[in-house]
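By letter and in written order, the chains are A, B, C, D, E and F; residue numbering begins at 1 in each of them.
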Amino acid sequence: MKLAVFVNEYNEPAILERLKADRFGIVLVQNGVYHAALKNNGEASPVLSRDAEFYALSEDLQSRGLSEGNIDPKVKVIDYEGLVDLIFNDYEKFMWL
Amino acid sequence: MGKLTIGCFSSLVGSMSLDFAVKLSEAAVKKGHEVDLWLSGNGVMLGKTGQSKFRDYSYLAGPVEELLKTGKFKVTNCEACAKARGIDKSDTMEGFGIHSMDWYLASAFSADRVIHIGGE
Amino acid sequence: MAIKKMAFIVDKLPYKSETSRLALTHAISSQTVEIYLDDGDNVEPVLAFVGDGVLNCLKDQKALDIYGVTSLEMHIKNALLLDLRVLVCKEDLERFGLSEDNIVMDAEEIGGEITTEVVPFEKIQEEMASSDHLLYF
Amino acid sequence: MGKLTIGCFSSLVGSMSLDFAVKLSEAAVKKGHEVDLWLSGNGVMLGKTGQSKFRDYSYLAGPVEELLKTGKFKVTNCEACAKARGIDKSDTMEGFGIHSMDWYLASAFSADRVIHIGGE
Amino acid sequence: MKLAVFVNEYNEPAILERLKADRFGIVLVQNGVYHAALKNNGEASPVLSRDAEFYALSEDLQSRGLSEGNIDPKVKVIDYEGLVDLIFNDYEKFMWL
Amino acid sequence: MAIKKMAFIVDKLPYKSETSRLALTHAISSQTVEIYLDDGDNVEPVLAFVGDGVLNCLKDQKALDIYGVTSLEMHIKNALLLDLRVLVCKEDLERFGLSEDNIVMDAEEIGGEITTEVVPFEKIQEEMASSDHLLYF
């Protein structure tokens, strides 16, 4: 299946490491965007070590004072319109973790 | 063009999830899609009449009214969730549907995509 | 004529929020969804408890006596009574040192005929893959 | 005998924290203490008129009415939090106070103990 | 200071290990009661390794189907009335974590 | 005549819930609490950001432009303008690789005179010990 999950908190949802999909996307929204923008004790978030395509919502980065220039290169920044395209074109099923 | 069903169970101000659901609806409608928004749990507070527009609190009544005008957006409250909270039809903004929970499943049945925002 | 399968995956603990409760009530509402659909169309729900969510299935919950709200135990029995498939993740039960003795396995006393299935997470993953939509609580 | 001030910021059904606050108030009053309960954020939903007593949802309006009768219990809504949600005086149960946030600090000022339930 | 903290979730609040008090109590309520009643992979909750006096609310144990006979011996089970006494007699300041 | 000191300790992230916002608005309401108190009595608030809560203090938050809600940045500036003491945990800032350059340190542009204090957690612990009541958000 083509599965995209939304990570909306700044901790790693326990179920994340158990999920498998033919195409797997992790969409960082709300407080999930800190995973893309911050290091903790110099280490990138463990969420970013998952085998997935990563997206972060630009509106939620900006709201929190997080600069798009500073985010992890693995992560593609998209806005709400980009998210709509992702939902209809790239993935089929979704989980809001 | 497709149909997106969003279920949102989080509350008006207590979480930004309703803000997310409304903004995603706006973007989807703008791109020509059809959106059903199902509100359950504290999410039913989105339709409460008489909300005040304070800058310290999310005010979504305005954007929802605009969305309803497009004809491509439906929003429906979970009847039991609303009644439990003392929010009956007279407390609910015009244009909101009120249905039992099976309505959400029926909407999801005919949707191309479903995004269910379940947590608080 | 179409059947759409929907997986209700419950990962949250009971009672702190109403999340898992609403998972049960929405899954059970599949019993009446036909009134909105064309002849022959229907929704086939499957309920799966994973992670900390397996703790929704513990027996002897006294929430109604103490807090005046129906227990998740009662809801799970209702689901079984109505022949909804209820899956519980085996690895998560084991992680908590729990077994079938500790959880709601049937609704016999109210006339239910089917039982809870304790299954590996892999099986739940398969159910997710074969579902049309995922509702994660 | 002492005075306990409880601040509760969590919502009616979305979390059991209001249930906790009401049960703790009952126990404290029973032991002869005085209780002030301050409701902010989604906690203001506790005082909404017309709540339905469904067994699937917390119903705290009854216990609160009983507590008010004791004369040892006061409950007060945050005015701005309620107005933002469309809950004005006419939407609020009898016996509830409505004040600005400084009321909470004043109550805490004269309290022997303060329990602040801040999260959602 | 005499400080009691309420733990209401079944994870360990990050601040817990940083708090110091002359008398320190940890009151397990709501989903916090699982710390007292469950082992995870055979291990007691790390919350119980803190240097503190532990209490768990009997009403919240029972609501969740957790038997009072099965809880960790470090933890004293109290009811709401016992909690009122604890609040007025044993501690002065409180944090709901 | 008494002064009661109250510590507002903010450990939650901004925006997901309104928790940290309400910490700020309640702390700021100490400016008007005298109307309820006897002559000479007052409340002395101190605001402390710890843990993930230090992220409330980041500069350039666009929440008002994007979501129509005031940013935590604006609230912190208001607090400084009104001479509330604002403490931020040094160890937590360092953990995120952040410095005084990244956070709201003053409210000069709106006439504020005092500045944010970046202090070790130990200092925040001392403030908690010397407070009459703790309000943890």
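As a working rule, a residue touches a chain if its C-beta (ideal position, glycine included) is under 8 Å from a C-beta of that chain, and two chains touch if they have at least 3 such contacts.
Note that the structure is predicted; figures quoted are calculated from it, not measured.
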| item | value |
| --- | --- |
| Selected pair, greater C-beta contact count between D-F and A-F | D-F |
| Centroid distance [mean C-alpha coordinates] between subunit D and subunit A, Å | 38 |
| CA centroid of subunit A to CA centroid of subunit C, Å | 28 |
| For subunit B paired with subunit C, centre-to-centre distance based on mean C-alpha positions, whole Å | 25 |
| Subunit D, residues touching no fewer than two other chains | 13-16, 41, 56-57, 59, 80-81, 114, 116, 118-120 |
| Touching two or more other chains - residue numbers and ranges from subunit A | 8, 30, 59, 94-96 |
| Multi-chain contact sites of subunit F, meaning residues that touch two or more partners | 15-18, 25, 52, 67, 133-134, 136 |
| Chain contact graph, described as a line, ring, star, complete graph or other shape | other |
| Subunit F to subunit E touching residues, read off their complex | 9, 11, 50-52, 121, 125, 128-129, 131, 133-134, 136 |
| Residue numbers on subunit E that touch subunit C, as the complex places them | 8-10, 30-31, 34, 38-42, 59-60, 62-67 |
| List of subunit F residues in touch with subunit D within their complex | 4, 6, 12, 17-19, 22-23, 25-26, 29-33, 35-37, 41, 43, 45, 133-137 |
| Complex contacts: residues of subunit D adjacent to subunit E | 2, 4, 16-17, 20, 23-24, 26-28, 30-31, 33, 112-119 |
| Interface residues, subunit E side, partner subunit F - complex | 1, 3, 13-15, 18-20, 93-97 |
